[in-house]
Amino acid sequence: MRTDITKINEQTGHEHLTEGLMIFAGGSSKLFKTGEWRTSTPVFYEEKCRQCLLCTPVCPDSSIPVKDGKRADFDYDHCKGCGICAKVCPFGAIEMKEGVE
Amino acid sequence: MAIKERMSGNEAVSYAIRQINPDVMPAFPITPSTEIPQMVSTYIANGEIETEFIPVESEHSSMSAAIGAEAAGARSLTATSSAGLALMWEELLLAASNRLPIVLALVNRTLSGPININCDHSDSMGARDTGWIQIYAENNQEAYDNFIQAYPIAEHTSVHLPVMICQDGFITSHAVENIELMEDSLVKKFVGIYNPEEFLLNPDKPISVGPYSISNYAMEAKKNQEIALENSKAVILEVAKKFKKISGREYGLFEEYRTKDADYIMLIMGSAAGTAKQAVDEMRARGKKVGVLKLRVFRPFPAEEIANALKGCKVVAIMDRCESYNGNGGPLGSEVTSALFCNKIMIDTVNYIYGLAGRDFTVDETKTVFGELEDMVVNGRVPEQYKYIGLRK
Amino acid sequence: MSDYTLKTIMNQPERLAPGHRMCAGCGATIAVRAVLRALHKGDRAVIGNATGCLEVSSFMYPYTSWEDSYIHNAFENAGATLSGVETAYKALKKRKRLPEDETFKFITFGGDGGTYDIGFQSLSGAMERGHDITYVCYDNGAYMNTGIQRSSATPMYADTTTTPVGKASNGKMQNRKDLASIIADHYVPYVAQTTFTTDFKDLHMKAEKSIYTKGPAFLNIMTPCPRGWRYETSEIMKICKLAVETCYWPLFEVDHGRWILSYEPKKKLPIEDFLKEQGRFKHLFKKGNENLIVQFQEEVDRRWEDLLYKCSRKIKG
């Protein structure tokens, strides 16, 4: 009964929706791209980054991936451009730029 | 081997719960259903069952907790009456829309106001459009038998809907009658082990329950729920058939009592059907062609089946133990006349309101009703569509 | 309890997926991520959620942001719903219908509307019954989902859509309810109040204690709402810092009845510093309203002193 949400859209007939509108899977919202909401965009300067990771917990959109204790570039598919990360960076490694990059 | 016993309706339902040994029971006391959680608590205290009892702080929480438990993969139930059912109203809808096979032992009692602890059907009738299957009992034997059939109906893969097992407050719940119980092992085998395919506590298989749905999905979801309710009709009959094999007792969507050649039929639910049958027997002895259609399954509403069962008679008395405050009668009155009309059975009906808030309904009153029906046909009196019986003038 | 470094803790797998529809800069999902990071590796969880912004945005069919099992039931019953889930866990374990080595934890999230107000009874019942659950209130001080109406968590004088500031009104006329204290008075094993600090240690340690203390736990997290409080989305950490430094939002825990102050500012800042950052308090800075700020300050001081008193009591444990 596991759900493949790529087979469910606003044209799907009722017989193909899941029972009780349950989703038999985790984390399916990754397929919804909230990056389109951005009106300004964080730019990551890797050379300035000291990997203190202060920017990673403040992201409301889980859009600063961390691997092996290091942050990678932004997940622009989902980043909404709120700018919290740029404010907390002590090293100027994140800069907010107008518009969607 | 059947066990002959004497017990009340509440005892009978509690006995069935003990035999089924469900996983989780949240409940909050309310007259006249209070004995059920008390008895289950006693079974637990004595180590007779493994059920986890949650002494919640309200009926809203009892249905909320039942929903949580059932979604988590536990066979769950609760019991309530009257205002308790009204308080859990919102949650009744969610139990059904989340497609959770919860069972509720309802002991029918009137809704306030005025506050009154006695029987009528206003509580379950108020919840008639919440998406629950509703099955009514005439006596403690039926309350017991219906309860045992509840989980196999609710948990059937083509249904997955909650079931309300209704019995009349005090009249059935507290009156001690003879009853035939089944052996524990037989009941356990009949009900089986709950084994849902998807549930919250399934390791490595997370699920999300209770989404926000935009309009593009919500209407389709509601239709799917309606299809499940339609499916339940066949399942109710299938389960009844299997139940007959182990118990010898027969159940359908309704019972037709001496209706075959009847000119006048009384359509009634719950304990008053017993009274009506007594009157029918006495009138039949005097040559009157009268009968009773006792409705067992109110949801899903067997409209076509009822229309067919009534088509041979001249007038039907539709008996509502509940006022609808629509100015035209009770809920059964609306649904039965609609069933007749839609199936093109153009017979006369009178919708009687009786027994509100514990008002007695007697054999003599039944005879009066049949007398009035006959008077319409024989003397050509124009039938009243809607009237009270047993009301002081 | 684990040693805390941001490096190790941020290596935890992300349990709240992106793609949810919360506003840019929302505090609630920052709180959710932080709480879920406190789950130990290998432990599973069932997440509950009262109706509110978080619920309608994180599970909009067919998109769920939850990597763990998740149940939303209604607005006022997150406590009761999770009670049922936790009891089902006990029942299934007892009957050996779950593998013995599987551990599930139970965490539910509710906004201040679903927690302080409409869900208060359900929460109180769940706490009193002793279920092994963690109830997390993300307190943004108003009914944000329906459009910024006042709640019993809204501070005095806040401008909300049901306490609008006007010629004859200075905003909400009542003080906020102190829910953490009320739940502490249930004498449950663990209650804590926190918000976002630079390294998130305070929140993390309290979340971990909440989840891994046996029995009911209540965690009250101030989660600013840029829309409702009217500040630039990027400023959330500054707002949180000022809330703590002015003692508007003290950090404390009540561990088995013992009140412990988590942080005491070296120099308590005046409440204006917190208020002036937010549009909802703009009217307080108009000429002639100086006394309102004085009153606000008095209330903050009274509560702070009361907290210091509770924390200074010697209780064995």
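All chains are identified by letter, namely A, B and C, in their written order; residue positions are counted from 1 within each chain.
Throughout what follows, a contact is a pair of C-beta atoms (placed from the backbone, for glycine too) under 8 Å apart; a residue touches a chain by one contact, two chains touch by 3 or more.
Given the structure is predicted, the values throughout are model-derived calculations rather than measurements.
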item	value
Category of the chain touch graph - line, ring, star, complete, other	complete
Contact-richer chain pair (by C-beta pairs counted) among A-C and A-B	A-C
Rounded Å distance between chain B and chain C, as computed from the means of their C-alpha atoms	43
Where chain A and chain C are represented by their mean Cα positions, the distance between them in whole Å	23
Where chain A and chain B are represented by their mean Cα positions, the distance between them in whole Å	50
Residues of chain B whose C-beta touches two or more other chains	206-209, 211, 213-214, 217
Shared-contact residues (touching 2 or more other chains) in chain C	59-62, 64, 66-69
Residues within chain A bordering two or more other chains	21, 23, 25-26
Contacting residues of chain C [partner chain A, same complex]	6-8, 10-11, 14, 16-30, 33-34, 37, 58-69, 196, 198-200, 226, 232-238
Interface residues, chain B side, partner chain A - complex	97-100, 160, 197-198, 205-209, 211, 213-214, 216-217, 219-221, 223-225
Chain A to chain B touching residues, read off their complex	1-2, 10, 12-15, 17, 19-26
Partner chain C, residues of chain A touching it in the complex	3, 5, 8, 18, 21, 23, 25-34, 37-38, 52-54, 56-63, 65-69, 71, 75, 77-78, 80-84, 86-88, 96
Chain B partner contacts - residues on chain C that touch it in the complex	44, 46, 48, 55-57, 59-62, 64, 66-74, 76-77, 79-85, 87-92, 94-95, 97-99, 102, 104, 121-122, 124-125, 128-129
